[in-house]
Amino acid sequence: MSERILFKGVEAVAEAAIKAGCRYFFGYPITPQNETPEYMSKRLPQVGGVFLQGESETASINMVMGASAAGARVMTTTSSPGFSLMVEGISYLSGMELPCVIANIMRGGPGLGNIAPAQSDYFQATKGGGHGDYRNIVFGPSTVKELVDLTVLAFDLADKYRNPVVLLADGALGQMMEPVVLPEEVKLENLPNKPWALTGALGREKNLAMAFEMVPEKLEEINWRLQKKYDQIIKEEVRWEEYYTDDAEYIIVAFGTSGRITKSAVKALREEKVPVGLVRPITLWPFPYGILVELVPQVEAFLVVEMSAGQMVEDVRLAVGDRRPVFFYGRPGGMVPTPKDIVQKVKETMSLLDF
Amino acid sequence: MKTIYARPVVMEDKLTHYCSGCHHGISHRLVAEAIDELGIQGRTIGIAPIGCAVFIYDYFKLDFIVAPHGRAPATATGIKRVFPDRVVFTYQGDGDLASIGMAEIIHAANRGENLTTIFINNANYGMTGGQMAPTTLLGQHTTTSPYGRDVKREGHPFHIAELMSNFKGVVYSARVATYDPKTILASKKAVKKAFMNQLEGKGFSIVEFLSNCPTNWGMSVVESINFIKEKMVVEFPLGVYKGGEE
Amino acid sequence: MNYEIIISGFGGQGVLAFGQILSYGALKEEKYTTWFPAYGPEQRGGTAYCTVVLGDEEVASPISSDPDVVVVLNQPSLDKFEPWLKKGGLLLVNKSLVTRKPEREDIKIVELDALTMARQAGEERASNIVLLGRLLKELPILSMTTVSEILKEFFSHRGESVVKANQEALKLGWESGE
Amino acid sequence: MSKLKIREEYCKACSLCVEVCPNSVLGLSKDINSRGYHPVELLNEDGCISCGFCYIVCPDMVFDVYKQEKSEE
Amino acid sequence: MSERILFKGVEAVAEAAIKAGCRYFFGYPITPQNETPEYMSKRLPQVGGVFLQGESETASINMVMGASAAGARVMTTTSSPGFSLMVEGISYLSGMELPCVIANIMRGGPGLGNIAPAQSDYFQATKGGGHGDYRNIVFGPSTVKELVDLTVLAFDLADKYRNPVVLLADGALGQMMEPVVLPEEVKLENLPNKPWALTGALGREKNLAMAFEMVPEKLEEINWRLQKKYDQIIKEEVRWEEYYTDDAEYIIVAFGTSGRITKSAVKALREEKVPVGLVRPITLWPFPYGILVELVPQVEAFLVVEMSAGQMVEDVRLAVGDRRPVFFYGRPGGMVPTPKDIVQKVKETMSLLDF
Amino acid sequence: MKTIYARPVVMEDKLTHYCSGCHHGISHRLVAEAIDELGIQGRTIGIAPIGCAVFIYDYFKLDFIVAPHGRAPATATGIKRVFPDRVVFTYQGDGDLASIGMAEIIHAANRGENLTTIFINNANYGMTGGQMAPTTLLGQHTTTSPYGRDVKREGHPFHIAELMSNFKGVVYSARVATYDPKTILASKKAVKKAFMNQLEGKGFSIVEFLSNCPTNWGMSVVESINFIKEKMVVEFPLGVYKGGEE
Amino acid sequence: MNYEIIISGFGGQGVLAFGQILSYGALKEEKYTTWFPAYGPEQRGGTAYCTVVLGDEEVASPISSDPDVVVVLNQPSLDKFEPWLKKGGLLLVNKSLVTRKPEREDIKIVELDALTMARQAGEERASNIVLLGRLLKELPILSMTTVSEILKEFFSHRGESVVKANQEALKLGWESGE
Amino acid sequence: MSKLKIREEYCKACSLCVEVCPNSVLGLSKDINSRGYHPVELLNEDGCISCGFCYIVCPDMVFDVYKQEKSEE
């Protein structure tokens, strides 16, 4: 086993990317993720890579597009307003089927908002911030360790499916330090072959990267092909963690930072013999509807905890329907719920149900 | 019989979608001739704009990417940083480069990205039906300047070739036209130079073409050529604004 | 068992470093740990604080509303965090910059004139480390040896004398509890 | 073999070549190509001096231009 | 009654805006809505207004922000990729509570896609293309007449709620011509008073327009205030049309162009005595969940028809839960379903159910 | 006693959040003095940037809007087109104006929008912790140019005052500094001129301030002032680049 | 009842105008109507077409997959739209540019040498209007007076002689069915 | 009334005024203001010539500067 190192989230994501073979980074400063580009600006030149600060998030995502089209593993990171500036590019990247990894270290919104941790870009990441029928794989890491692991996986899945992958974390995870074990660095020569890449059409047919088809019949076909890919991803890539769900009669659903905080709440409640459990979606898209559906029979109620005014709760409602009450506890604007807050909310809602 | 002129090898044998008499086709061919003559077909990558030339990928036997409107220089930067030894060029209209893409072209130029940009100034937005461009002449009627471009409301036309020559990262900036054999042959030299600079690792080169758009100008092809000769050239003088020495 | 520790003071008093040193120590002792700074608007000028969780269980919540330990280096911090402390918890107070007495009676309170002791150790800025030393004395969260080594790594870029002074401050803090 | 190869199907009848030909040996045909244009035609093979102006100005790459080698004359 | 005039959708929206007192337009050309800025460039100077072509969609939405902050009725229009470039600004506008009207005349996506009619920006418009917890009122007009009426309403509601309002139409509606009766032109002096507008702080406290609050507790409060406003909008502004729903045992849900096409399908099916009905959401946000819930008992199944790969279908499923099957018929990429297509889909799905 | 200097009336009586010795405060005061002296407090509207000066609205008794990062010139355009008789100004940092907002500032300038722009060039991104800006000097170490800005990778520093002077719509473009009483008094004239031009309906005016950022430069205040005097002024010569005559 | 009419031909043959004239006529006769162009890539160069619905019912679908009338001005249009025509519907063919005979037997077919008739009317470009005249003769969708007036408004900007020629073309078309 | 009004609470002790004062009559106080800074103080009222340099360079608008009118002298 490799060494454990204490790492800040936003630096760990950078080092993990390098371990995954990422050699190109284009991004624009924004709190609370400045340490990622800063780290990359130091490290990439050391490993023969390129760090370039784009003149904006718009430029950065389009630089990512170029590097990805050239076949490289490439990444950008940003925070909420910056992600909004990238959605045109992300729609293009998705349509072009270009792999890349984009981290959004979310902060309070809307607008300039503030720099405190938030989860209010869930809709934007999972339902299409950009235009058109596209989907990105969206991970919701909850610890620095998981952030590292998912970063590596993100690069692999991006290449596998030729699709952008979004790491949807928040300022709390970004700014915290935790011990991690870094993965082995992949050998660049072992990275997937990309026959579609733009390398210069030497001795082969030309390659085109575009999200463009004037003939509706053909663009429809392209869209159905994309949808088929998305269906495959739904089938194969759904990930979640269960915590005390076995005998739970009350399920909390929460991801990322609020997910791990909820764990403490569940532990505390279990100590009081309250039969709660946690489902923590790891992939936010594809969303783990299935496990929630499975749990419905054994469960009296669901509670969704988000650092937002309520977004993922829609997906939980989609899974649960009207078969069980779905409560919501949200803290928008950069507030982080405490385990105590959550415990209280659970008790409150349980009392409504005569638990 | 000796071949004097033949369709460039790097071009696909295809009918273009451009309107009758549109100069985009000439600029395409000049790019193709430069690529042929420099023998760089197998290592050249193009960035198509959003504009009438969006289909340029269809006419060249080259790898191409269609970048979002205005962002070609950023996309080109991404490719070039991965492959410093490939030849990367953007081909952009005046809406694409001088309006929505102003930040991207200026920053790529200022960074001295080792790229070549072909810039088509046809004083309007061809593809979307003739709206005002940053390069539209004062008084020129377009579909969004129906009373003529008014300096008070919309300011003066942008002079890209001159603007670009301000940046230290730019090694070559020239304005050319393609309204007769002489100007076309001069343009050809400019295009070739712009590619050669890249091969020599010198930095950013740009060639601005004064181009026509008979369709949206509401003119015959001949009238459109006269408009370039009589009006555009006056506002936008031809010449090498940077990097002409040697 | 895990300890949840909040350290709070002015920006510049080394509260973030205090926490990081704990976390590095935990790392060294192969414990679980999380260091979480309040990185909001408090940073510039105002009060800064961080939460450290460490122990032998995987860390769930990185923040705490009822910490086991609260270390306060200035008055506003005392006002803010005294009420949070868990019943029976430890409140460590830097008397040098705190003007009032803690009020709760259901907690253990330790007050130290950390500034004076830091000066004594030869490094005015080491109040935080004095308090750290005392914390280690009060609770067996990490060994002195571990932390002393961490201090060496942590301050090495500022020269040996700074390292030494901090190690001394740590010791003085520890000894203040004997 | 003619001095000009003309890709009639590509011609859009813009007349740029017709106007520029120094010897006025080009004209638009009465025929219609499949795109609905009257394509260019070489009216007088002998009049063509293989100067290539037509190639140079044609936006649609309709022409290839050849010259009789000395030996062929 | 005023005169009926034959109007193209994208021109009608412009004239309707002028009738509603809009005197400022900032926008960037994009097919299929170029006629809107073109029309405005001609008309606004005639009525003392200002048309300015922004250098991009990004600039345009920020010009809109300025004019709106100054208290003017102001509008921009665009199509899908352009809308993506506006979402940062829209998040700001929403957070600042600045009224404005934004039309998205959707086209095929993702990426550059094509210029054919589509409805695949439903998610983007209704769930937040931008970052943070914000909502815009979203209208889905289906005829040029309705487009005119909703444009006027859009300006009124924007001012009433101090919120952006989105007109979500598609290229088909934009390019078609239909007779409309234009509303009376409002007198500018009768427009709502805006004491919050930036007019120069003469003889009053200064006014600030911002979506910015560093203190999480305060930003949270702002967010809850916004949510309360959204709740009020949900209560008061839901709009939809019902067509043959009274005795329907099978309900099709479709909006905009696919909504009106579905009407023809319903008519045809009714002629064959098939008991289908149509619910056509007019507000896409707030979505008319209520009517669907009400219809559940009388209905065997639902079918959602969209010119996309399936987006509004999620909202229908949210309303219906698992109580009834919700089928989907979609045509992404710029395809427009015909009444015949829809009739066939209805029959197909009915046969599955042994209707 | 006669009042020689007093806190400008248009300023709120408030402590600023700026770091000790940061020149942003001086620039603020100069703007305030111009507003006081021109008597335009009741009809002036400000656009705050995203950057350290985002809080500027807190320090002035003026209507203010906080525009998205870099877009202040577009937002200002929207306001000014509604109220041509109000005085509208933007106050922007070098990340805001010269990086992400390049297209907006250039287009506003080229349109000759009748606006005033105060541009704070402190050679880095202050608010986000000292990253490289387009104006960062060659060799300057920042958090994203840890090995020093490299002309090969990032190009030369941007010269905004010079660049702006290229546009016909710009009537005034000057670069000033605030490192001693003399430069401050000269700056004051420039700022006033930039506002007067607007009052006279002349068009776009911009004043570039060479400003310090001791915090992120990792310098004492005195060192930061020496850096401006010894390094920045050399790269960015002070002076009036346009509109200085009369 | 509503009529659903598709008009199709090369761009430049006036198929969009044909449709607009119908819609303006409907407006004048206080009927409901919708004019819907295929504005896609077909526009440049290729085949253009539009759908007009008009009658006394509010228009639901602006497009039709089984129109009552199909007017084709060129060969590709015949190929594309002949199969769409509703049983018993009317197919109006511009023989001048169509090389083959229609194939269906369950529809009414009217073929016209519209180009010759247009020349006869003094306006080569008025083939579309010739066909329009014949359409009015075949089906009572609008009155000749209405359409004649519309032509006047529609072409007035191109001068009186063009108006006259088009009115003549309309008449010739009508009379061809007598 | 003093020649200087000093808003001590606003002072951030940057010393710009101290360095620029031609008569060196400004210094930083031993006291601490509520933001933790040692604020500026006028060490010698008489030495102040009301030149205003301190006002001019102060980024925090700490000063107002007054001058004795002739009549007051």
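For reference, chains read A, B, C, D, E, F, G and H in written order, and residue numbers begin at 1 within each chain.
What we mean here is this: a contact is a pair of C-beta atoms (placed from the backbone, for glycine too) under 8 Å apart; a residue touches a chain by one contact, two chains touch by 3 or more.
Just so you know, these numbers come straight off a predicted model, no measurement behind them.
Minimum number of contact steps separating chain F from chain G: 2. Summarising the inter-chain contacts, the pair of chains with the most C-beta pairs in contact is A-E. Our note on geometry: chain A versus chain C, Cα centroid distance of 34 Å, whole angstroms.
Taking each chain's centre as the average of its CA atoms, chain G and chain H sit 88 Å apart. Separating the CA-averaged centres of chain B and chain G is a span of 42 Å. Within chain C, the positions touching two or more other chains are listed as 40-41, 45.
Looking at chain A, one finds that residues 50, 52, 55-56, 58, 81, 88, 92, 96, 111-112, 114-116, 210-212, 214-216, 334 touch two or more other chains. The multi-chain contact residues of chain H, meaning those touching 2 or more other chains, are 35. Note for the complex: chain E touches chain B at residues 28-31, 34, 37-38, 41-42, 45, 50-53, 55-58, 81, 111-112.
Put simply, chain A touches chain B in their complex at residues 24, 26, 50, 52, 54-56, 58-60, 62-72, 74, 88-89, 92, 96, 198-203, 206-212.
Taken together, the chain D residues at the contact with chain B in this complex read 1, 3, 5, 7, 9-10, 12-16, 19-20, 35, 37, 50, 52-53, 55-61, 63-69, 72.
Listing the residues of chain F that touch chain B in their complex gives 99-103, 106-107, 110-112, 134, 151-156, 158-159, 162-163, 166-169. Listed in rising order, the residues of chain B touching chain A in the complex are 41-45, 47-48, 54, 57, 60-68, 71, 74-83, 86, 103-104, 107.
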